[in-house]
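Both complexes shown next keep subunit A, but they swap its partner, so subunit B is in the first and subunit C is in the second.
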Partner chain A sequence: MISRASFVLLLALALSALPAAAQQGVSDTEIVIGGSNSFSGPLAFTGDQITKFGVDLYFRVVNDAGGIHGRKVRTVYYDDGYRPQDAVANTKKLVEQDRVFAIIIPQGSPPVVATLDYLEENKVPMLFPYQSSPVTRGKRWVLQGMTLSDRSSKMMIDYLAGQRKIKRFAALYQDDEYGKSFLTAFEKDLARFGLKLAAAESVKRGVTDVSAQVAKLQAAKPEVTFLVLVPGPGAQALKERQKIGWTDTIMVSTGPLTDERYLALAGDAAEGVEGLSLWPDPVTSDLPGVKLYREHMLRYHPNNEVNRYSIAGYFAAMLFTEGAKRAGRNLTRESLMTALESIKGYASGILPPITIGPDHETQKQGFWVRVEKGHFKPMTDWLKSE
Partner chain B sequence: MTWAALVHVVISGLATGSIYALMAISLVIIYNATRTLNFAQGEMLMVSTFVGWTALQVLDVPLVGALLVAVVASALLGFVLERVVIRHAISATHFDVLIITLGLSLMLRSAAGVAWTHDEFPFPSFFGNRPLVVGPVRVAPVSLGIIGASLALMLALGALFRWTRLGRAMRAVAQNQRAARLMGISVERVYSSSWVIASVVGAVAGVLIAPVIFLSSKMGLVAINGFTAAVLGGFGSMPGAVLGGMLLGVLENLAPLYLPASIKHSVPFLTMITILIVRPGGVLGRVARRKV
Partner chain C sequence: MRHAALATGAAVVVGWPWAAPRYFVFLASLIAINAIVAIGLNLLSGYTNQLSFGHAGFLAIGAYAAAILTIRAPALPVPAALLLAGLVTAAVGLALGVPCLRLEGLYLAMATLAFGFVVVEAILNLDWLTRGNDGLRVPAARLGPWTLATDTARYYLVVTVAALLIVAAVNITRTRTGRALLAIRESEIAAQASGINLAAYKTLAFVVSAFYTGVAGGLFALVVGFLSPDSFDVFLSVDFVAMIIVGGLGSILGSVVGAALITTLNDSLAGFQNYRPLIFGAILIASMLFMPGGIARALGTIVRPARAAAPPEPPRQGEDR
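The block that comes next holds the complex of A and B.
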């Protein structure tokens, strides 16, 4: 039995044993960062790719070259299976037990939203969450990764309604934060052109049949139908359209969906589909950063195909490394955030020059693509969302 | 909404309904023989479809070959699981066995993730996706194919239960296990056969539905609708399982057509609750009355 006085004494001793200015997760030889992600559940493939084949791939390259100011980077991940409550538990464990320095690329709007307040309160940087809802905007300790839905929407509507003079729009969206944040943004941007959505139909996660939704959308006769879905239902919608021979609408996929995996699932039903792409083509792009990413993937994971998910994780690790390098040997959470906020016109060789600044958004752009013979063909240069 | 579009939506619903019906049937087969629910049914379907797909990729067999491989793999899996895991719990309560099958489902899903990743893969179909045009109505061959193949399998099962020795033995065990044993029926053999037959039905359902919902470690979730279908039709009744599946498939498709988004997803369950209030045994089920 420990008396209260001796407990306080023990606590004081324990606290005084800690070096005064040490930053949690940063030692003389190591930086520990981590994140809660999907390694099971609906986004398991994406989770695996962005972390183990993306973030870790870049850090392996960095570590093999001597690390960041002499420190090697180590990563810790836990599986939340896209469940917000598990994401909270994992994040607390990472911060309090694994004592990570920062959280990197957590995935999915619901899990990310659930951990936002905890990380803000504890002043732990949340770096480049892989989700598109604007709820992450305006936070002191969050640096947003993926282009936010309102920016995507602005680029899409400006291009379609502005440049291509399209008047009738409809949307098939996933019934959650991801789908709804896009829907709200579409309505706002269409209003600028005096337009509104002719029809909007929702799809539940894990749906087996989307024929009713697609039939209702067809009845509204839209010129453009937006798909705000994940790959499985997205491809199902395309196949459903083929089933009913609905040809007089252009199917347009949003940024998170525009990926080779979804094309592969839909097969020839994807021909002619358009979309906003947030990443250059990981297979064919000649950009120096993308070429280097392919080389690194071939060196460390020769059996893992390149895709837009692993390149997103690779890019997140690259930005972290840039920030940590700029922060110098005295790496703290404050110095990292200040360093990242100071990034201006940073040439990654993957995306157009990155300027982070006070709005804490790293990606603000995308470009238009169209599926021709099973591949995304670029239709525009990078579009602007500002 | 034109009536032609309505016809398409209903036929599409019948196609998914057929798959629900097959899942419900495989659950009922095991339930009737062993009085336990097999929560791993969906994952067994998923694993056997993956095995068929692997044969397609590695051995370059035609699709019929992949179906056969899936069926054989599934039968083997069902047999082994029953003999190695379930048989040991023969004297345990139904609840214990239910938890065991739940554990099996988690294990199979993780194992599939390790073996084939958690990615989704396209799966070839026996039937085309481009519509047949009949007047104003457009019907997809894939929907008709799924309905036809499922009905054929259901008829074959019906014949098996009605006219074969094994089928009679299975019906006898379902009615009264002790009496069946006294009549010289090997209850263990019936257990084993019911797992094998249910697995084979699952494998066929898997190969039929994989082109539509894609092949992935999570495709086994389709079995949840099989449970609903089985309850809807009256748990334990085969015709009830078929009716329940079809009803569920069509309802799921009609609800989004006519109801606001906020409640459409709950329609199948609202229907189930209503039916259970009106007919506690399900549409074709009987309520077991206990004499005091």
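The block that comes next holds the complex of A and C.
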């Protein structure tokens, strides 16, 4: 008994003595990064696509080409099913047991917020979280991924109220951090034009029947109705509008909603719908980076359709790789963050040139699209949010 | 023999943060929290035979109560916050227990299942208090001059509370109350005929069970540090039921062992949760087929083969299986 106890003690001492030698998660041959994500629960499809078909796809290409400064990248993921306490447990496990170098593309505001303080305290980079609430702003060790809601709102209102001179707006929003952060931003941006939201109706998360809300919004007679929802209820709102024959409003989807899934679910009810798109069309775009992404997908996952989720993960891995390359052979968390912060005008071939400044935001742009014959047709060039 | 085992156990628990890697300190805290819930649930389901699939709801109430207290009254010491969280939850347990008196078996399970959903809806709708879907960040708790900011500090708080509640539970089961609860499990009619006030004892079981789970909820809030309604889904309630079935119905030791097993299993399956229901289902079925008394009784069989050879019998006074 005593010898076993002392053995455990020795083992613990040995383990705690190790990390001082080198950067955690970086060895001579390998870089280990990971993340807690949704592989079950409401966002399971997205979680699968951004990690296994996005991040891992790009790293496979990198590893097959020799890795980053001779080191192969290995990823570890755990499922939190969108539950914050599981995200906390998974993240602690990744940092303390799997000893990952950094956390990449965790998904959803509640799981991300739940792990934010822990990662900051332990100085572990949280790279490109896949959520749009500004709660991640102003953190030393967080580099935001998805375009934040206030930037999206600014682009949308500047375009609609500024360029198209639309005066009457309403919103159908999800009753959580995602929906409410957009609502606050809409009100602030409309105020700059001396306007207000004519009506705003909320949808509880997980609810699919939105008929009552759509009827109330119709009564407010808005020229534009924003949809701040997830694909299921978003598509339901479009169908409901078609059913009641409400034609004199333009339905506009926010960045996180404008995706192929929402389009497919809505079917012909989506015709003429507009929205802000955060990514070039993964299926049809001729941009060199998007073409390359399709080629890689075809090579490694021929049966997986291309979509905005996997391209987001692919792009996150691309930015990580760029940062790690710039940091050089002596890769530490500090050197990675410094390298990423130094990125200026980086041409990814997917998004417009990326500059990461002290604001730690990687994506700040989007462009306007309109659904024509079941596809998103670009209506503008990239819009600015600064 | 028994004292030696207890002393060894205590030494392991106290020394754990110094011997184990940091993540396992956090994991051990979760195990202790789940053990408290499992004991609470076992007092209700294992001892009194009142099934509950709504304990995630009680856990949520305790967690939110403690979190809101810690946020609104930062000067409040941790033990007071935990006690209040337990009392608030116990009050809800009383409110739920009384109407549930008339329900049995499947219907009681359905009512408690519904209770779990109602709690989540209530959290969503009381968003001025709970911040709804956005979730609630729980600040580090204070205990006198100390801030419980490290995993180790929180671990010691959790195991201290767990130890107190385990001792209390063992004592409850050894008194007249415990025997009354067991009598209700064996036969409600016989219990009533022996002069046991069914309504009072069933309600008491609900209240005590809710109190335990509420205190565990308070600890959960402090250890996890962030609460959201997503945390308290029905699967969590099912996990709690699995803990007491695998561990052993009507056994305090079994509750602890079951909690440890299910929590560890959950953690090691974090990489592929799609198979989780399958693995959990298989374990539950296997445990009901091959060790209907749970691990606690199976252990007893190994240690005391002569006594276990006798046909299944209700645990007697002073016996903790």
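Worth pointing out:
By our rule, the second predicted complex is superposed on the first by the 366 of 386 C-alpha atoms of A that agree within 3 Å, B and C clash if a C-alpha of one lies under 4 Å from a C-alpha of the other, contacts with A are read in each partner's own complex, and residues count from 1 in each chain.
One rule holds in what follows: contacts are C-beta pairs under 8 Å (C-beta built on N, C-alpha and C of every residue); 3 or more make two chains touch, one makes a residue touch a chain.
Model, not experiment: these values are computed from the prediction.
Taken together through their common subunit A, the two structures put subunit B and subunit C side by side without a clash. In the superposed model, A:K204 makes contact with both subunit B and subunit C.
Contact with both subunit B and subunit C is seen for A:S40 once the two complexes are overlaid on the shared chain.
After the chain A superposition, the centres of subunit B and subunit C are separated by 50° when viewed from the C-alpha centre of subunit A, nearest 10. Judged by the touch definition given at the top, the superposed model places A:G267 against subunit B, while subunit C stays out of reach. By the document's definition of touching, neither partner reaches A:E223: not subunit B, not subunit C.
Using the contact criterion defined above for the overlaid structures, shared-chain residue A:Y78 touches subunit C, although it does not reach subunit B.
Once the two complexes are laid over each other on the shared chain, residue contacts for A:E120 go to neither subunit B nor subunit C. Within the superposed three-chain model, A:D175 lies in touch with subunit B and with subunit C [touch as defined at top]. Using the contact criterion defined above for the overlaid structures, shared-chain residue A:E30 touches neither subunit B nor subunit C, since it reaches no partner. Of the two partner chains, subunit B is the only one touched by A:I244; subunit C is not. For the three-chain overlay built from the shared chain A, the minimum Cα spacing from subunit B to subunit C equals 5 Å. Comparing the two interfaces of subunit A, the one with subunit B and the one with subunit C have residues 39-40, 175, 204 in common.
Of all the residues in subunit B, the ones that touch subunit A in their complex are 1-2, 5-6, 8-9, 12-13, 15-16, 19, 109-110, 113, 117-122, 129-131, 133, 138, 140, 142-143, 209, 212-214, 216-218, 221-222, 225, 249, 252-257, 261, 265.
Across the complex, subunit A is touched by residues 8, 15, 18-23, 26-27, 30, 124, 127, 132-135, 137, 220, 224-228, 230-231, 233, 267, 270-274, 276 of subunit C. Interface of subunit A with subunit B (complex): residues 39-42, 44-45, 48, 175, 201-202, 204, 206, 208-209, 211-213, 215-216, 218-219, 231-232, 235-236, 239, 242-245, 261, 264-267, 269. Of all residues in subunit A, only 1, 5, 8-9, 12, 15-16, 39-40, 76-86, 88-90, 92-93, 96-97, 109-110, 113-114, 117-118, 175-177, 180, 204-205 touch subunit C in the complex they form.
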